[in-house]
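Got some structures for you, see below.
Shared between the two complexes below is chain A, which pairs with chain B and chain C, respectively.
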Partner chain A sequence: MEEVDVEPTITFIPGVNSQQNHLGFVWGPGDILVYETSHKAAGKQPLGPSCQDVQVVRKDEDIYSPILRKLFNESHHIFVGLQNIRDDLPSKNKKPQFVSISKNYRSVIRACMEELQQIAVSTRDLALAAQYGNQVSILLAVELIWNLCEVLFIDAAPAGSLLLHLLDWVRLHKAEVDEKARDVLRCESPTRHQFFWDVVISFVLQGRMEEARSMLAKQAALQPAAQTMFKRMDNLLLKMPIYNPSSTQTLTEFEVKWRQWHEECDACLQDSSFASNPHLETICKILVGDDDTLLEHKELLSTWYHYVVTRLLYTHPTVKPIDLHYYAQMCMDRFLDSRSPPEPLDSILLAAFEFDLHQVIKDCSIALNNWWFVAHLTDLLDHCKLLQSHNLHFGSNLREFLLLEYASGLFTHHSLWQLAVDYFDHCQGFGRVYLELLIERVPLDTERKALKVLRICEKRQMNEQVRSICKIMAKRALRNNRLGSALSWSIRAKDAAFATLISERFLQDYCSRGTFSDLDLIDNLGPAMLLSDRLTFLGKYREFHRLYGEKRFTEAAKLLLSLMTAKIAPQSFWMTLLIDALPLLEQKEVIFSVDQTHELMFCLEELTSGKAQPNPDRPMQEEDLETTKIELLRLALARNLAMAIVKEGTVEV
Partner chain B sequence: MDCINAKYVSQKISKTRWRPISSASLQQPEIFATGSWDNEDNKVSLWTIGDHGLASMDEDFEGDPQLLCDIKHDGDVLDLQFLDSDKLVTASSSGAVTIYRHHQNNQTLSVAHRWDRAHHYPSDNAPCTGVVCHSPEVVSVGEDGRVILFRVDQTGVLRTIENADSSTIHAVTFLRTDEVLTVNSIGQLKLWDLRQQGNEPAQILSLTGDRVPLHCVDRHPNQQHIVATGGQDGMLCIWDVRQGNMPFSLMEAHSAEMWEVHFHPSNPDHLFTCSEDGSLLHWETSSSSDTPSFMQSGRNTSIISRSAIAPAGGNQSIISAWLAGDSGKGHLETTHMLPSQTLSVNSLDVLGQCLVCGTDGEAVYVNKQVPI
Partner chain C sequence: MFVARSIAADHRDLIHDVSYDFHGRRMATCSSDQSVKVWDKSDDGEWHCTASWKTHSGSVWRVTWAHPEFGQVLASCSFDRTAAVWEEIVGESNDKQRGLSHWIKRTTLVDSRTSVTDVKFAPKHMGLMLTTCSADGVVRIYEAPDVMNLSQWSLQHEISCKLSCSCISWNPSSSRAHPPMFAVGSDDNVTYTGKVQIFEYNENTRKYAKAETLMTVTDPVHDVSFAPNLGRSFHVLAIATKDVRIFKLVPLRRETTTTSGPTKFEVQVMAQFDNHNSQVWRVSWNITSTLLASSGDDGCVRLWKANYMDNWKCTGILRGDGTPVNGTSGQAGAANTTGPSGTLASQAAAGGAVSAGRPKAQLMPG
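And then the complex of A and B:
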């Protein structure tokens, strides 16, 4: 067994006394059911009545947040789009697509975050506001990690461009400086604002030279005496070389230019050009990448990864991906207080800088309370062919494992279960099995929902599930006395046994009431009639009644006889059929021919020979009635036979 | 597809309906209602795409539907119709038919009246699957096979047709004042004359031998005998209820259940369908050149053209393009109106140049520039 990565947290469940009794539990796809067993904890005396309830313990609350639902829905759309990218495209063409999909995912996270932020501000309920605030910070972290992964793994920028991307990353996630800058500029005399220099230095730390210069220009205008000094700084900021990946300039040429600029900055520091202005002096020290100066501005940098990027910007702008981890580790150690252990976010980012994908995914899985992030990120990375080396010793692979976990979580939700279906579809190993097991458990409140579930099953040829769903619906209809609906459902399921059962009910109803119900259905069975013998009989028997009603006696008689001779009618029903033949036998015209009458007589004999012995259990009147019926029939048959012989023996003249 | 605006609303949408606008005004509709399904708490909500005092001058927000008000709805909203500009009727999976009133002064919704368990089994509730209004009358249908007639101003039930259908009735529409048409789960259309007593339909139309369930029905706005239906196999059928009991034409439309079909109310040469397969189709038919499409809207008398002055007795020119058949003269064009998506489009409504639809992907799409 593997050792645990982190100590599991203990959750106390209110209302359950684990001190007294042992707890029992059952895993669900998303939740855990917990209950008190009657096993006493060792050495404890029963203190009070034990809890009779079963508690649902839910790890993932996010799925129930109305705003995060948008995240689940929108990302589902992106996910499906990603799966449809064709495999046979050359990987060169695919990379921009993957990057744009990654950006789509991030913009969805951002949109959610903004909405949550707005609500957190506007809500008056403090607990709720705190909860929203908490979700915002989680999303912030998630987006931060995703963005770094996008830069390092998906875009996989080479030296030179790499730093530009990292700068963008830091700028996007350290946007507080923009707000501060707005505050400063809004006040009457920005240059005297207490945060003026903070803003300038923050801009420099993020490599935003244009903005830093325009701020400095305001200050310069107020100090004509220091004009040359400001001019000099402005010049340094302006001249700082920025690598342009689309130009023809090579990396080596850029490095040469950059080194010249760096020496120039160094020279300024040496000749104390800025000695009279401590702020400018500081800026110059930052430009030469002076480590102590950078660390003095921890508060403005606020995070170690900002520090990494700034430090690289002013010391190694052409850092190679492979060297990143060295700088990251070093900067983290220097920046963070050695006494406090790094937060989960810090170690995740560090793992990313180390290009240890699996560590990133593992740490995220532990730190976050739902699978949304890891499942989608892993899926994207897997499409970029970055995860192939890793195999799990359980399940199919890492991507599939995480997607299955995420989708099963969705499936527990009363409404989001529909989204999960597409995720299962794209898990080749176990997706179908999961879907098969879960889909049968979707509660079916209305036929419309049942139809939607059926469509999901039929599309995937899940015949077993189709049958089971139709059966559930047929049984429900039967329970509600809706024979027509029940029959429709069993026809759809091609469930012969159940169709037989319902046909019996129809026939019973007919026998007791003398009329058919649900004619609209029975008259329109069409080929569906062939599903079961009894159903065929029901349809044909009804056809007999229709023919009879339309006075098409000869056809009706033929059909009636064939129902018995072809053994379509159950024998228990023969007496009814024979009685139905009575009025046909009593018609003035001869309808049954000699042969047909013989056959009818044969049917009657077959029916009566079996029960020659009178059944002692039956009451006398019923026995009498039966005997009368048989005698009546025999009489009618004999008379008809006589008339038929006469008719058929007569030669028309 | 650029003019389509998508909004995620955190609930699966089962129905979307525009609030009616007075026929005199040339305005475009601004307010629509949605109903949700399959949620723990379902809702009826009203949205606006106009400014409506919600001062959002931002370009980005233009046309983005803003929530006006919502109210909890007991059970899934299986159908939703505007009765007039401030009242709407819902059909619930709990079997209830409810009238909601929209108070426009303070933007709230309240229940004006509810018929609980209008549709029911002997010992259980039966979902009410459809309602249709012809103010002041409301007709509802349900899985229990009943057709029930209500009047908005009366608390009782006006009339119930028990056992109107042995299977589930999926949708209902008014043909004329006293005639409604229902479609059921064994592929039949039944015409009911509400003046007639008794529980027998006046007419049954069906595709013989075919038992494909029908899910939706809509009547041509001007020619009451023309009816469009959509079924489980995604086929669009056009029927002429006066002639025979077979559909006039059958067109392959979607690859799964067609949930709704709507003629454009003022330009019925256009028709819209949506489906479980996640698509929304715009159908445009045009008759041959000498029967301009506006001839189909008989009220439009201000436009005079060569053929409008032509023989008054020649009723040929009024034959709808939908019944032109495959004769080759008329032709039919279909366009997909939504970007590809996989989850069901459950409902659509079109009014003027505006179209709104709702999906199981919890999104509402609004298009304000439908090419009509």
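And then the complex of A and C:
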């Protein structure tokens, strides 16, 4: 694809004087902020009044249209289905699948178009109606191009069938004639309707012989004198051979039959069979493919591509794909006013007739303001292995480039970004990196949204993104003093340092209030407890309280002791633990054994020995309280030791 | 593109920098009026100023957000020779109701003897690190060793660039194959020498050492910007000087004997645009680096895009319409009328009848 020479679009920023000052900017998600500034040397004042507004500049993309959102949603399903078609099937078997996928895409476009059309008609806001109307006309063009690509590239019909498909294509996109026909038939005397002959000729131009005949029959009934002439025309229309790809007839046999019919039409012209009726004469001239007559009906043909198909129908019904471009170029030149350059749609269709896929994609990229169409069409063509055959080394590259652009655009939308994930998944080169860069920027407004983003990252083993999201959430929860949430996020982030910090906060809270918050979480830590020593202690300490609450004193005592002896508890917390042991020591029955009591005593000594010197900074009252605690503990330990010795020394009788 | 809305920033003097936070829901503005303002985006897309305070005793050149992993943290730098770190604290409930937030100064970094021209946080995988550069030609790297206590910052590295510094950019790559690296630009217009230097961290010496000087850039440089790495082996650096330049830095394979030395690079120019006619002041990449924006003396912002064959071209221009503004408030309503309905409607009008089936939208994608 050669360099695209298109002038950049200029967007004017109100209130900013670009001649005197500079425009500052910053990239945002889906927009750019711009502001007036001056980069001249420090201290100097800028010239003229300075604008104090920051302007939000956005791309005018269709993703913000609620109706087009359906297009994006539904085409996403089709896209995912297409990616799942197995590669190992022989391509011959896949063709019907590809054609049906192409039709699905088109039916989504049509559904969208119809909905937009309805809204455009019903809305009272003129500007809005015009906007919808504009979108409809873009979708119409998109569907027209897609359909032609489907016929030429995906279905790739051979000579014979090719023209049948092209006729279908023209009939589908030139549906005005049906409307006109309805009008004519609805009136009291259709034959006198001003558009009667327009409709008949339009039918003939589209090769709709049955419909043309039934219209003509109405006219014939009113002109008994001209019965034979009408009969003759009816016969010509009836006998026109139509190629049937499923019959046993060969293309050559068909061509012979068609030539005979063509000669018959020609003969009618020669012997002036229809000379008395100019309308029938015109029809006959069309049937023999008379170019001047066709061009006289530009109004009814309305487009050059209709003209191509009609001309082929009556001159070369067995046209080969490779010859199409010749007829297309010729017909376009003849049909269009040579003074006005062809419009984008004309060039795109012509490129398609020329089988120049890259030109089609390139021109569409330029002419349309979103990537939806080119991305999906190119992806489909790539699956059909059509891009590779053109140029081995950039086929899939082009596909990925367009898909990445489309998906990145979706990411700027607050809900459509979720669709983009699947597109990135199917871009082997840069899909993952793009997803990593974009998904970590999705605002984590709520826990629910954070979990949604997290699941997407976890499923793809994006460990760094998972860690980062959890860390952000943990930090935020801590800022807002939601300790439980902060702890569970930091466990998910496997952030040991942060988990330690939050565990400390939990323990501090417990020391000051005497109760734990977020019991559910702490009770169900499980193996997550091992993330940090302090968290392990928090979990175990809470377990002690639970055992105690359930009056499982022996187990509680054992656990409490082990927290100190195994050095799980920080020494700063030992006093609290020893005080917790007090009620156990003072139970009627002996809970701590002799050995356990000894160990508790060692713990107390270890704790107090280092603190022989009274801390001068501590107030006296606190010092006193501490001394009282120690004395209480010593007493309780001594009494328990005595009871334990007695108990253990007593032989049960 | 179109102006979707307008925010009355209401600074009393020139705005020097606007910075989005990581998720794009907040932004900060700074100005010659010595203040910083923080803005929050509501669900309907409106921006509300939630904090505004005096930050420095001189023009504030730049303001930047730390990664949200470190909380709500801003850094600013100023003509007053200092850089400062600010943290938002959760305020009292009545403040929240009034939509206000509290920012407190965590530290003032006073090591520079001249104007601090740029301030940037290092990539988050390096921890909470802040880099400043100043007109005295020194790059300073500070670290907050305890991310829970942002009042303690230690000066880890002081790197002399010997030229007045105007801008710095960290290479965002977190790949183990790439040691920490930053580019620093100089707006010195006296000496004839390379104005962009690349420094790289050396694991063995634990110091930053100069890896490369872009000798072809001899004019004053006003901004530098590394593109996201995208998992590639090479780095892409955009430079704002008398034109826009995009460089490709390809690390050369190290020889085993010189593992202690800094990486050497093969430097290639990927693109060069002189459309701004004269000085270019800012360059910046979008998130996936598919677009580069630049602003220059022509008073325009230009958007540059590469196609899939790596051919770069200008795809969009933002330009002031030149009309002076009478008063700064009450502009939002007027600007809103130039929204999408307006532009598309005129397109549709030019497009004629709907049934014609011809697309008239000639807008460039991207």
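The definition used in the following text is that the second predicted complex is superposed on the first by the 480 of 653 C-alpha atoms of A that agree within 3 Å, B and C clash if a C-alpha of one lies under 4 Å from a C-alpha of the other, contacts with A are read in each partner's own complex, and residues count from 1 in each chain.
FYI, a contact is a pair of C-beta atoms (placed from the backbone, for glycine too) under 8 Å apart; a residue touches a chain by one contact, two chains touch by 3 or more.
What you see is a predicted model; the values in this text were computed from it and never measured.
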| item | value |
| --- | --- |
| Which of chain B and chain C A:521 touches, first, second, both or neither | first |
| First (chain B), second (chain C), both or neither touched by A:69 | first |
| Partner chain(s) touched by A:505 [first = chain B, second = chain C, both, neither] | neither |
| First, second, both or neither for A:434, with chain B first and chain C second | second |
| Dominant contact partner of chain A by residue count, chain C or chain B | C |
| First, second, both or neither for A:59, with chain B first and chain C second | second |
| Touched partner set for A:180, first chain B, second chain C, both or neither | neither |
| First, second, both or neither for A:485, with chain B first and chain C second | first |
| Chain B versus chain C as contact partner of A:77, first or second or both or neither | first |
| Residues of chain A contacting chain B in one complex and chain C in the other | 445, 479-481 |
| Residues of chain C touching chain A in the complex | 1-11, 13-20, 22-25, 27, 29, 47, 59, 67-72, 79, 90, 115, 124-125, 148, 174, 222, 228, 230-231, 279, 281-282, 284-288, 290, 293, 295-303, 307-309, 311, 313-325, 328, 331, 334-335, 338, 340-345, 347-349, 351, 354-366 |
| Sites on chain A touched by chain B in the complex | 66-67, 69-70, 73-74, 76-77, 80, 414-415, 418-419, 422, 445-449, 451-452, 455, 459, 479-485, 488, 491, 517-521, 524-528 |
| Residues on chain B engaged by chain A in the complex (per definition of touch) | 8, 10-12, 37-40, 75-76, 78, 93, 121-124, 126-127, 129, 143-145, 163, 165-168, 185-188, 190, 204, 206, 208-211, 232, 256-257, 276, 341-344, 360-363 |
| Chain A - residues contacting chain C, complex | 1, 3-4, 6, 8-39, 42-43, 45-46, 48-60, 64, 117, 120, 126-128, 130-131, 133-134, 136-138, 140-142, 144, 173, 176, 343-345, 365-371, 374, 394, 397-398, 400-401, 404-405, 408, 430, 432-434, 437-438, 440-445, 464, 468, 471-472, 475-476, 479-481, 501 |
